[in-house]
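Below are structures written as structure tokens.
One chain, subunit A, links the two complexes that follow: it is found with subunit B in the first and with subunit C in the second.
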Partner chain A sequence: MPMLISSAVFYIFAILSVISAILTVSVSNPVKSAVSMIFCLFCLAIIYFTLGAHFAGIIQILVYAGAIMVLFLFVIMLLEKRNNESFDDIISAPKIISLVLAVILLTALSAALAASTGHSGVFPAAAESFGTLKAVGSSIFKKYIFVFEALSALILVAIAGVTLLSAKNSEGDNK
Partner chain B sequence: MTIGLAHYLVLAAALFIIGLIGLTIRKNIIVLFMCVELMLNSANLTILAYARQFNDSDFHAAALFVMVIAAAEAALGLALVVAMFRYRGTADSTKLTLLKG
Partner chain C sequence: MSLEHYISTYVFKTLYLPIMIKVILAVAFPLVVLSAIPILVWMERRGAGLIQDRMGPNRSNIAGYNLLGLLHPLNDAIKMVMKETLTPARAKVLFYYLAPALVVIPAIMAFAVIPVAAPVEIEGVKIPFQVATIDPGLLYIFAISSLGVYGIMMAGWASGNKFSMLGGVRAASQMLSYEVVLGISLVSLFMIYSDCEPAAIVEAQGALMFGFIPKWGIILSPVAFFLFITAAFAECNRTPFDLPEADSEIVAGHHLEYGGMKFAMFMMSEYLSIITMSAIVTTMFFGGYQIPFLPTEKLHYLAGPFISPFLQIGAFSVKTLFFIWLYIWARWTLPRFRYDQVMKLCYLRLFPIALANIFITGLVILFFKL
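Presenting the complex of A and B:
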């Protein structure tokens, strides 16, 4: 019975995430696009939970849906002057070619994945400490501490770059 | 019917392809950034599915590092979009033809 429930949860949220991803790509209003992207990220967080990745799911909700997408929404509302993309030229030849190529790529990827995973359908039983905060934390702060420090330097550089870009803008406006 | 690695990988492939289609057919640069985020998320889903398959929590650290890089990319990219909007007055990627000879 728990197996059935977990399959149902996976299928429901997989379908919801794919639908909301398609909406993200196809809706012409960027605000609606961002909101459906947030919904897609929530569904993906629940799919992470079904994989036993609780910490990654929480961080997905907090950082992605909570911080990054709100940043996107702010920038959209700051910039947009109600200029929805016109989809009049949606039936142009390059778009059709790209769609066909994408569908071919998807079928090829799915066939290759289904053929090559080689593992039997079911996941092995999870270890006792799998995905716990303790295991993930010791992995980050012991094994990959240099990666962690390099990423904090990267974030620092990003902050400096964003500050520089905004500062130059305000100078340009003052002139 | 049980859910295995292949189900998660096919879902990740579908999300990646949707993001790729979005990158090719959309013009608004902010929406293009969201498509890139979608593709990064599908990569994260692949990493976490393999973490479950190999029973290894190190993969979770890798997924978190991908999220950090995505956050930095989104912040810098949106700052660039805002700067470009100030100078050019548009967020349409087809109107940015400064380098076209």
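Presenting the complex of A and C:
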């Protein structure tokens, strides 16, 4: 019965995430697009939950749905009333670029799918500690410590850069 | 007892009964929390009366009995439901109607990981008093309550009113900023108890230090408590941080254009987040459901598995009610901050203190092997 419930949850939210992902790229209203993207991220988080990766699911909601998309929506709502006429044309530069990118992504994904079909389909069961906070923490701070520190340095540089740029721009306002 | 009967009982006890218990808990928790809202409204209005040296609402009655004003929330509810539904001419209709729901749903969901009593075992069936026991525990509360900001932003934007928009923008920036402090202030406690799951943290708080001091979060990490309670006030948009609805500047902020039950949903979500935040403060800093100096095993031995959960729920409720009262007390005592003061307090004061607190806690744990 628990298996039945978790697969039912998986299929419901898998379908919902696909629908909301299609809406994200097909709706013309930017706010509606952002909201369907938030819903898509939320559905993905629930799929992580059904796979037992609670921590990844929580972080998905906390960081992507709860923080990054808030800023997206914030900017869209503040900069309303722009006539984005370039998107109304049948053929335009942004549409061509996104079409090319979509074709590249589709090729890469189908190549990956084709490469994985040789697998027997039976995967070894995940360890008891899979997806727990302690397992994720120890793999970040032991196995991938160098990558983690390199990323921290990258983010620090980005923060310093943003601070410098915004300080330069607002100099005139303060004095 | 035949083998078949034994097997069917076993399957029922291990497979179906736990699911049924979870479903009952998942229905009971939101019902209890929602029905606490009228009591909170009553506490707020009578508390305001008490602090301002007046009576507070006490006129509404049934056959002459006013029950200390407890009937006012009932009247309020009837009034809210009966009101005419108005839609502002410039509103974006879909989002205008979606926003109140998006505010209330996360506020109800956030309560799911809070334990209100220790699990008991009756005839081999374990009954937890917590809807969901998940490993990242408290992070779930932060994740879900961070979704609440969408409803407020959307309400401000979709109302088509500049005051509403200002309120929505203020709410979004304030809630995003204080969420960081809220999360980081608790990291020192995760380090001390080396766990992130509320039930495990509450169990750890039942132990005694030096034989007579309970190992509560407030004693082990007092700085985190003050950071958390400040950020919690800001996160609920309560005075002195009620900038998003500051009546004297932007009329009523994000819910200016809402009336009737739609307005009531914004108010409900505010009270729901007060209840959730008070419950987190109780759980993390004041021993949760633990009755002081009476650890769970001793209580189960003394009172048995049937009565002790109720005693612990009582202890949890008393502690939580105290912090709810603290919210009300602060609202009618403190004046509102200015907007830049709120932001400076977050990034220039609370955030560095929270980081320093983590660092010092780490050093103490490292050198004293706590």
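Here, the second predicted complex is superposed on the first by the 120 of 175 C-alpha atoms of A that agree within 3 Å, B and C clash if a C-alpha of one lies under 4 Å from a C-alpha of the other, contacts with A are read in each partner's own complex, and residues count from 1 in each chain.
Keep in mind that, in the parts below, a residue touches a chain if its C-beta (ideal position, glycine included) is under 8 Å from a C-beta of that chain, and two chains touch if they have at least 3 such contacts.
Computed from a predicted structure; not experimentally measured.
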| item | value |
| --- | --- |
| Subunit B versus subunit C as contact partner of A:V31, first or second or both or neither | second |
| Subunit A residues touched - subunit C or subunit B, whichever exceeds | B |
| Subunit B versus subunit C as contact partner of A:A114, first or second or both or neither | first |
| Which of subunit B and subunit C A:L78 touches, first, second, both or neither | both |
| Partner chain(s) touched by A:I58 [first = subunit B, second = subunit C, both, neither] | second |
| Which superposed partner A:V70 touches (first subunit B, second subunit C, both, neither) | second |
| Partner chain(s) touched by A:L41 [first = subunit B, second = subunit C, both, neither] | first |
| Touching both subunit B and subunit C, residues of subunit A | 55, 59, 67, 71, 78, 80, 131-132 |
| Subunit A to subunit C touching residues, read off their complex | 1-2, 5, 31-32, 35, 38, 42, 54-55, 58-59, 61-62, 65-67, 70-71, 73-74, 77-78, 80, 131-133 |
| Complex contact set, residues of subunit C against subunit A | 15-16, 19, 92, 94-95, 134-136, 139-140, 142-144, 146-147, 149-150, 153-154, 157, 165, 168-169, 172, 176, 179, 196 |
| Residues of subunit A touching subunit B in the complex | 3, 6-7, 10, 14, 17-18, 21-22, 24-25, 30, 33-34, 37, 40-41, 44, 47-48, 50-53, 55-56, 59-60, 63-64, 67-68, 71-72, 75-76, 78-80, 83, 85, 90, 94-95, 98-99, 102-103, 105-106, 109-110, 113-114, 117, 119-124, 126-127, 129-132, 135-136, 139-140, 143-144, 147-148, 151, 154-155, 158-159, 161-162, 165-166, 168-169, 172-173 |
| Residue ranges of subunit B touching subunit A (in the complex, touch as defined) | 1-11, 13-22, 24-28, 30-31, 33-35, 37-38, 41, 44-45, 48-49, 51-53, 55, 57-58, 60-61, 63-65, 67-72, 74-76, 78-83, 85-87, 91-92 |
